[in-house]
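Each chain gets a letter, A, B, C, D, E, F, G and H, in the order it is written, and its residues are counted from 1.
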Amino acid sequence: MNPSVSIIMGSTSDLKVMEKAAEFLDSIAIPFEINALSAHRTPAEVEKFAREAAGRGIKVIIAGAGMAAHLPGVIAATTPLPVIGVPVKASLDGMDSLLAIVQMPPGIPVATVAIDGALNAGILAAQMIATGDPAIMEKLIAYKAGLKQKIVKANEELGAARYHYRTN
Amino acid sequence: MNPSVSIIMGSTSDLKVMEKAAEFLDSIAIPFEINALSAHRTPAEVEKFAREAAGRGIKVIIAGAGMAAHLPGVIAATTPLPVIGVPVKASLDGMDSLLAIVQMPPGIPVATVAIDGALNAGILAAQMIATGDPAIMEKLIAYKAGLKQKIVKANEELGAARYHYRTN
Amino acid sequence: MNPSVSIIMGSTSDLKVMEKAAEFLDSIAIPFEINALSAHRTPAEVEKFAREAAGRGIKVIIAGAGMAAHLPGVIAATTPLPVIGVPVKASLDGMDSLLAIVQMPPGIPVATVAIDGALNAGILAAQMIATGDPAIMEKLIAYKAGLKQKIVKANEELGAARYHYRTN
Amino acid sequence: MNPSVSIIMGSTSDLKVMEKAAEFLDSIAIPFEINALSAHRTPAEVEKFAREAAGRGIKVIIAGAGMAAHLPGVIAATTPLPVIGVPVKASLDGMDSLLAIVQMPPGIPVATVAIDGALNAGILAAQMIATGDPAIMEKLIAYKAGLKQKIVKANEELGAARYHYRTN
Amino acid sequence: MNPSVSIIMGSTSDLKVMEKAAEFLDSIAIPFEINALSAHRTPAEVEKFAREAAGRGIKVIIAGAGMAAHLPGVIAATTPLPVIGVPVKASLDGMDSLLAIVQMPPGIPVATVAIDGALNAGILAAQMIATGDPAIMEKLIAYKAGLKQKIVKANEELGAARYHYRTN
Amino acid sequence: MNPSVSIIMGSTSDLKVMEKAAEFLDSIAIPFEINALSAHRTPAEVEKFAREAAGRGIKVIIAGAGMAAHLPGVIAATTPLPVIGVPVKASLDGMDSLLAIVQMPPGIPVATVAIDGALNAGILAAQMIATGDPAIMEKLIAYKAGLKQKIVKANEELGAARYHYRTN
Amino acid sequence: MNPSVSIIMGSTSDLKVMEKAAEFLDSIAIPFEINALSAHRTPAEVEKFAREAAGRGIKVIIAGAGMAAHLPGVIAATTPLPVIGVPVKASLDGMDSLLAIVQMPPGIPVATVAIDGALNAGILAAQMIATGDPAIMEKLIAYKAGLKQKIVKANEELGAARYHYRTN
Amino acid sequence: MNPSVSIIMGSTSDLKVMEKAAEFLDSIAIPFEINALSAHRTPAEVEKFAREAAGRGIKVIIAGAGMAAHLPGVIAATTPLPVIGVPVKASLDGMDSLLAIVQMPPGIPVATVAIDGALNAGILAAQMIATGDPAIMEKLIAYKAGLKQKIVKANEELGAARYHYRTN
């Protein structure tokens, strides 16, 4: 089965952050691929990747990078596909990466998520595909319901602990 | 024809920024609606809007707000649709709005664009819908080609001017 | 006895910070409750909580959250009660959370304290209630006097140490 | 009738910002006073003011200042009353003033609102007093309803304009 | 005569800033060319430019761009020539552009100058070429001497004015 | 009469800011001199100035500069006299200049005042000299009393205006 | 012997930073005292201290504090003596403390040193006193010479190590 | 053989960062020297170094420093050689050092690299010299090809790992 989402990272050292996107896509059975390609060290490969992605059946690209993070914008410059950018924290608390990804000029958007926010990148990719795929939309609705259950349960556990504070 | 994209802004004073998204969608014939709803002043209306949007056939929501900009995140909390956030510059050069939109916690993404970047929000909405709609993909490819022509032409005009500098 | 103050946090992981507010309220015998509710993962519960709080006899709400911290503002949007916001440090040294809480638009204030400043949130809640409750005002005056004693005593202990430096 | 709220500003040049607090209090008939007192130029007067405020029947103090804004914290150090701090924008986009007001150490809270957010300071003062005064609570509920009406009406006006964008 | 320096800017709107580099090179008779090429709107042209520059006899590239300024880094990724980056102020006081240019990852340097510092980019290009060209070095030494004369003269003019202040 | 204070600025364009220091010193009859010397354009002159200042009877040096403001630190490196640094706002709201002046390494202090705070630099210079000169101390005490009178008078004028707000 | 310099810190937890000032003054035999006094927890004591310091023979005050650091400014408001402010790093990398100390309004200077820069505060205090005391000036000149010797020696040690790198 | 590149650091404690530049130059056989010289503690030595460097055959200077990092700018003020500045992270995440190095005023450029980016400083120095030395240009082209190989190989290793994620 061809991958629908392509996850790209600027360096294999970003894997620990970026695998959160992969794990989410895996959990809702969206096929994906994951590779390291650097806008700065392998520019020709990045250009080739971006030019060919749509033709290979990729629907959404997730790109993560740190510091002067050019990878998401460089890919977005060449592909008509939506590109999700993940600012990876490598210096300056990730502020350099965030600004280098989100502040794209008019004409070339990058859909930016939080610093190190790869899980949300995975969810966002699924939401994009779900605009044309009702089965994935169902899975997202179920995921959202699960988020609520988790906090409800955490709150119940907190309940036991909190009687220590409560005055009656 | 039902709107596919819903543009929401926190205040009608954001219209001047947000209408760039509307103009782009109009230019490629994606039907849309545009409204002002405040996460802080009309919270019940925002909640109702977010709960009902998918059922009304909306595919993507674009939400713009300034300062402690909660609107995009609050909508994303309730809808399974993808939400694009536009940080509107109202104070602190827009940095407060950018951080209040992009730094969403795990589980609830907002696809953030540049400060005052509503044109890119419109393009991104079209890219999302194009994942399931080849006709819109064609229009996006044509738009991208147009971007290139504009800068090529601007460069030619610059050419005349630049001989002033060139030493031969 | 009904709680007068309701402490809400966006995630149970914020408990370590937020329990400082609870401990203070406990120390001056103001009844309180403490729960985890997320503006993003349980929005309907947050809305219900905010709508009903005044009717249940709550007088002040303390809400803590990190990153794009929407919880205090979202609650303030629905309740007429005063809401105290505690920016919890989770990324960017807490600056994202601080701006997302304090920069509320005109009409919907959130009384913001320092990053991770939950103790001060507890004191501030007591000060608010004391505007209509002289007994609590007395306790606050006593607390303030205690603060002074602590630093006076610490200074005396420093006194012993400092002779090492003093030249006579 | 004695004032319930005392508005203090570090310099008469802050009046244009701070009068928004006064206008709100006036609009809901909470008696107030407004004065300029500088933590740096009239420290003894500030100390006397803070020491005597509770005894004069003041219930809430609103203090606004710019740059290294010490006024709210200095007042809070001496009075047991709740102190609302308004960071006034005078340099660095108001970031210096915001940090100098909100980052109070444990023990001495200042309830901080947005940069130049004096209207919200007025509302917050009313909310504090309303914890012990049901009549003021009623007025705040009416004010909140009015906020909603304003945005509903603005949206209707926008409605006329937006047909320009809508594709049908 | 072939150009030795190629000045590239992301948009013709950057010309007003970037022409300072051109004027300096013109003043010391270093042949140059100046063009607009966008990393985001004309990525293939940028790649071709960067790949061919050294072969055409270019010795130094000056690249200016604003916002998420990828142009200097993208060029540096493909050429072995030294690339000077000029952060152009377009938003956030130029901080986004500065970080997106200077924070390059290990292996691919961009020689960054001040925000809007195109004159310094021109001087730096000349200094680089002067490492292998004694005639240009002579011109730079003369330029440096001229800088000193300007401030000495300005000081003399100040001298007349300053007697107003001096107490004798 | 020999000058006791030497005011130096990095560029004559800083005169408008720096003359506030001169005016204050003039007002309390401390003899001074004022010159433009650039750490970057006239380094040898700065070095000579710093080496000779103490020998000429100068007691305090005030140095103002913008951007990467090295002038105060460079002078402090060579003279044993106290150096007061004035960050001049020229870019980035003056934050670059502030950090480049105040963050001096251990061993070489620069007494830094607020951005564009040249009046305070003048006062601080007088305070330093007053540690050994009781006559100047008297003048400073009188100046401080004057500051109080100004705000008292401004407050009285405000008094007339504020009855508009007061509810009685 | 009476102290000439008074070192004040907002909390005894700042001692580890502030004792660097004490050690320097001790090393050049300037008598000093060191105490903890909080602008927020012991405001009356701070006011009394500032009012009486000059009369007790104190010539310079060094005040260190963190977060919303009001202590140096509050002391400067009451005393005519020069006040040196040390921003202590407690949150936000010390940026809150730096801005709360350095950005004093016109009329009330605080001579600010680097974040945690207490050693420089001690040197600066000595430099101020040296404006009227030639013996201390001699010691400062000797200290400066010592700084140079340390780096010369460190460089020699580096010399041995660096041959590893040098190509000959 | 005479050194072509001179590496200077403000303190021997910067060696760990700065030796990356040395190692790169060593790897491509460009002769260099490395020394510690402080703009603040040994200003006369810095001035002498900068004045004599070109005459000794140095072609490029690399200068690294932290905090209020004046060393690169001070050297650039005196030499006509190109100066590369390395902001060393010592406080404020290196932002103070970055701004103190990159924001040089018109006329005196410093070629700034990333915070702690000494490897890139070494590469940049080689690129500068390569403008007049084809043999070094060859080595740089080989180095660039090596960068690509490293990421290609890392990606292959990632390939094995990534099948864990891929859905087929």
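For this structure, a couple of remarks:
Basically, contacts are C-beta pairs under 8 Å (C-beta built on N, C-alpha and C of every residue); 3 or more make two chains touch, one makes a residue touch a chain.
As the structure is a prediction and not an experimental result, all values here were calculated from the model.
Each step here moves to a touching chain, and the least such steps from subunit A to subunit H number 1. The fewest steps needed to get from subunit D to subunit F, moving only between touching chains, is 1.
In this structure subunit A contacts its sequence twin subunit E using mostly the same residue numbers, the overlap exceeding half. Subunit G has its Cα centroid 36 Å from the Cα centroid of subunit D. If you average the Cα atoms of subunit C and of subunit D, the two centres end up 18 Å apart.
Averaged Cα coordinates give subunit D a centre that lies 48 Å from the centre of subunit E. Look at where the CA atoms of subunit C average out and do the same for subunit F: the two points lie 41 Å apart. Annotation for subunit G: residues touching 2 or more other chains are 11, 38, 41, 67-68, 91-93, 95, 102-105, 107-108, 110, 114-115, 147. Remark: the chains found to touch one another pair up as A-B, A-C, A-E, A-H, B-C, B-D, B-E, C-D, C-G, D-F, D-G, E-F, E-H, F-G, F-H, G-H. Here subunit C touches subunit A in the complex through residues 1, 3, 11-12, 15, 19, 22-23, 25-26, 29-38, 41-42, 45, 67-68, 91-93, going by the rule given at the top.
Residues of subunit B touching subunit C in their complex: 10-11, 38-41, 43-44, 47, 66-68, 70, 73-74, 76-78, 91-92, 95-96, 99-105, 107-108, 110.
Looking at the complex, you find that subunit A touches subunit C at residues 93-95, 114-116, 147-148, 150-152, 154-155, 157-158, 161-162, 165-168.
The residues of subunit C lying in touch with subunit D in their complex are 54, 59-60, 80-82, 84, 98, 102-115, 117, 119-121, 123-124, 127-133, 137, 140-141, 144, 147.
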